[in-house]
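Have a look at these structures, which come just after this line.
Note that chain A is present in both complexes that follow, paired respectively with chain B and with chain C.
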Partner chain A sequence: MATREEVYAQLRSILIIDFSVTPEKIGEEATFRGQMGLDSLDTVDLIYLLKKTFRLENVRTHDFRDLHTMRQVVDFLVAHGKE
Partner chain B sequence: MSWDALREKHDQEERRAEEGGGAAKLARQKRLDRLTVRERIDALIDEGSFVEIERQTSADGVVCGIACVDGRSVGVIAHDATVARGTVGRAAAHKMTRVMDLAARGGFPVVTLADSEGARVAENIDAIDAYGATIRGVVALRRDVLQITLVCGLCVGGAAYAATLNDWVAMVDERSFMFVTGGKVTRVAVGEDASIEDLGGARMHARFTGACHAVVADERAGIAWVKRLLSFAVPVVPSADPVERETREIEDVVPTDPRRTYDMRGVVRAICDEGSTLELSEDFGKSLLTVLGRIGGKRVAIVASQPKNVAGALDVDASRKGAHFVMWASKMQIPIVTLVDVPGYLPGLEQERGGIIPFGALLLVAYGEAKVPHVCVVVRKCFGGAAVLSFTASIRLALPTARIAPMGVDAAMEVVAGAERETWLAENDHGWAAAEQGYIDRVITPASVRQELARALASLE
Partner chain C sequence: MLVGPVRGIAIAGGGVAWPARVVDNVAALRTVVRDLDDERVAFMAKEGVADALGIERRAWAHVPGTPFDHATEETTATLAVRAARAALADAGVGDVPLVICATATPPRMTSSIAAFVGAELGMRAACIDIRTGCSGGLVALLTASLYLAAGTTRVLVIGSETFSKIIPKASKVAAVTLGDGAAAVVVERRDEDEGAITGFMETDGALGVLATAPGALPPTHDEIDRGAYELAGEPDELAAVVPGKYAEAIQAVLRRTDTSAAEIDLFVPHQTTRPLIEAVAEKAGIAREKIFTNVAEHANVGSAALLGALVEARAAGRVPKRKRVLMAVVGGGMTWASAILET
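== the complex of A and B ==
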């Protein structure tokens, strides 16, 4: 089971490589749609990558609906991920 | 420049054309388990058959060409999301319209593999003009050419309209989206905060707008669906299923008790060659089935009431769906078979407000103007204005369970004053009553439906 720090690092890496988010925009309280500049398709793709990377088998896309910041998503991944 | 240098330059240009938005973006497509634009094309076409048009501008958001699918020519327009998200500007529109021109001249189908955010805004007015040209091209092809779109990713604005102007659209479940504008503009313009799935997901369009005619599990399944649909451009194929095969199983599907419901798909399966059916718009207008199939190898467009849903009554969505299918069958010269079990148009405030009169009329127009052989089988009820499903047929067949009337029994008993129920039923409530009055050409048994249909269709060829 990955630690919170490992999950954070992995998510950060996905955001930089796959969504061209600049590192300085990434932080615990940074919002995906706001500060990090992801649009609606990016969000769909990000959720897909998270489900795949963290093997979120019983998690639905809808479950991410109220998660807006890095902190919220990392906590969610730590709680539900199998990686 | 030496030949060595020219060869090197050539190889460089070839790599650039192949890579589209570059190696990093292609790798991202792979991580997202999306096919690259070239993989999509390769999955669709016969190996080695692709003749690319304006290849040197392929790194401009769309790859276009002519290829063979199962040995027959097809125009291919494939957006490349790795280049400016597949947006269309002047260069892209130029080659898209060239494919359309070639398809119009050759009369062959055009398949669009959509993955586009719409017009390339950076090109400003040129982008609007470019999309105008592609839309004009799609509209011009509508009369004679089969056009199919598989939405693989985004399909926004002009791309969404182009797709919807095609004959058929499939969308990849949970991975593809079709809308006029995305969430941000929607929020600013009308103050609604909607998810991308709610705005334009595959299931939303399949169920509510009817703009998606098939929801497919992934891109490869979508390409298989496109190829299956293209196969119906061929009028006759060899069939191992004899047309004389009895269809007695229809007796197990259709209850003689008019109050009991059933799934008309069982009848459709029985009459068609084994494994030949392809249902379209399964989740939209569910009281009417629209199915492509073959009888004795010959293609048929089957319109069938679905008693499982609101007793087979025609509502707004079913009328729209049926009209689109019948008009398309007429354009493609595919004979129509109608299986009737309809209590009429669905009444009610919601239906009246939703346009049951204009959309119901559209179905009347579609049937009335169809210029292809049309054979119907009245399976059970055939009431009211919706009897158009049977009365425009060139040849009208009926099972013994058929009941053709201006309205249902209970309503008729209210209107026909003084009629004794049992006497009235004995005189009117069976297939022979309509046959005796000349409205039905022949009452047939369930076992003979397939062979009678084949015979009737052959007589009209």
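== the complex of A and C ==
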């Protein structure tokens, strides 16, 4: 089971590599749609990558609906991920 | 500005026209994200577009990101002609004294699309273009009603768009939400008790920057290179403002006609996304089963969207006599409009 720090690092890496988010925009309270500049389809694409990376087999896209910040998503991945 | 009520008005016929190239969500996304694997794009297409927005496909005259081929690709004007022919045939009339055509995507820097339609149909009608973004179709219909009130016998009202030619190269959201097409209705004077339309239309030009192609005309190479003739704006700010404008427009026309939401028989809104349409209806107190939407088939076709939905609702038997049809739209400009059509 990955630590919270490892989960954070993996998510950060995905945002930089797959969504071209500049590192300085990434932080615990940074929002995906606002501060990191993802659009609505980017967030769905991000969910796809998170489901693959963290083997979120029983998690639906809908379950991410109220998660807006890095902190919220990292906490969710730590609670639900299998990696 | 309130319009009407204009009494003694009826829709005599309607028609629609769509480009032959039908593009599903995966193909639309592929015009922007060429390097992602198929499973990833398919997930985005289903979860992010079909499930989240209620859009399945759209028709495009042009494939965004490829060179324009003006010799073979359909234009806003040619689509307008096809829809106009269908509407005139449906109405059983061969000529009209006035043609009004709305668009946000004209095929020429100058000249009138309505005039092109008139020429193609062999008519010497008065021809007027209207530029009020996605609100254009309804604004054109309300404008036509004022001409009818002033004595004009019959008006051909058209909305036509080729959004595929201004979709930004990097925008997945624009690629999946925008389509091309045209819709037309023939409206005519009838006896005073046969039908009526009451409307509302308003504009805040200061909000125009929220959705616009900002490049100045005539085009410059620099502006073309930086994509200034593609659709741009502030989508998040736009999303925050739009619902309030819908509510304002709907309440204005309900008040004007002393109509309650429960008395509306059919709601034909601008066709944007299913969640926005349903949210607007819910806010207005209109039951979901009264909504007519075809956004799944065509996506947002701008000034043709509401007219196209009205034409398809009519063809489906959803607009019988003695009913109240509420229409509402918010578009670029920023413009917003509403109407209640009593059939």
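Note that the second predicted complex is superposed on the first by the 83 of 83 C-alpha atoms of A that agree within 3 Å, B and C clash if a C-alpha of one lies under 4 Å from a C-alpha of the other, contacts with A are read in each partner's own complex, and residues count from 1 in each chain.
Everything that follows uses one rule, which is that contacts are C-beta pairs under 8 Å (C-beta built on N, C-alpha and C of every residue); 3 or more make two chains touch, one makes a residue touch a chain.
Everything numeric here is computed off the predicted structure, so don't read it as measured data.
Chemist: In the superposition on chain A, see if there is space for chain B and chain C together, and answer fit or clash.
Modeler: clash
Chemist: Applying the touch criterion given at the start, work out whether A:Leu41 contacts chain B, chain C, both or neither, answering first, second, both or neither.
Modeler: Both partners, chain B and chain C.
Chemist: Based on the superposed arrangement, let me know which partner A:Thr61 touches: chain B (first), chain C (second), both, or neither?
Modeler: both
Chemist: Quick one: classify A:Pro23 as touching chain B (first), chain C (second), both or neither.
Modeler: Touch status of A:Pro23: no partner.
Chemist: If both complexes are laid over each other on chain A, which piece of chain B (3-11, 147-155, 255-263 or 273-281) hits chain C?
Modeler: Residues of chain B that clash with chain C lie in 147-155.
Chemist: Which parts of chain A are in contact with chain B and also with chain C?
Modeler: On chain A, the residues that contact chain B in one structure and chain C in the other are 39-41, 43-45, 48-49, 61.
Chemist: Can you list the chain A residues touching chain C in their complex?
Modeler: Counting only chain A, the residues touching chain C are 33-34, 39-45, 47-49, 61.
Chemist: Hey, which residues of chain B end up touching chain A in the complex?
Modeler: My answer: residues 28, 31-33, 153-154, 174-175, 177, 182-184, 195-197, 199.
Chemist: Going by the contact rule at the top, pick out the chain A residues touching chain B in the complex.
Modeler: 17-18, 39-41, 43-45, 48-49, 52, 61, 65
Chemist: Can you name the residues of chain C that touch chain A in the complex?
Modeler: These residues of chain C touch chain A: 29, 36, 40, 43-44, 47-49, 51-52, 171-173, 176, 235-236.
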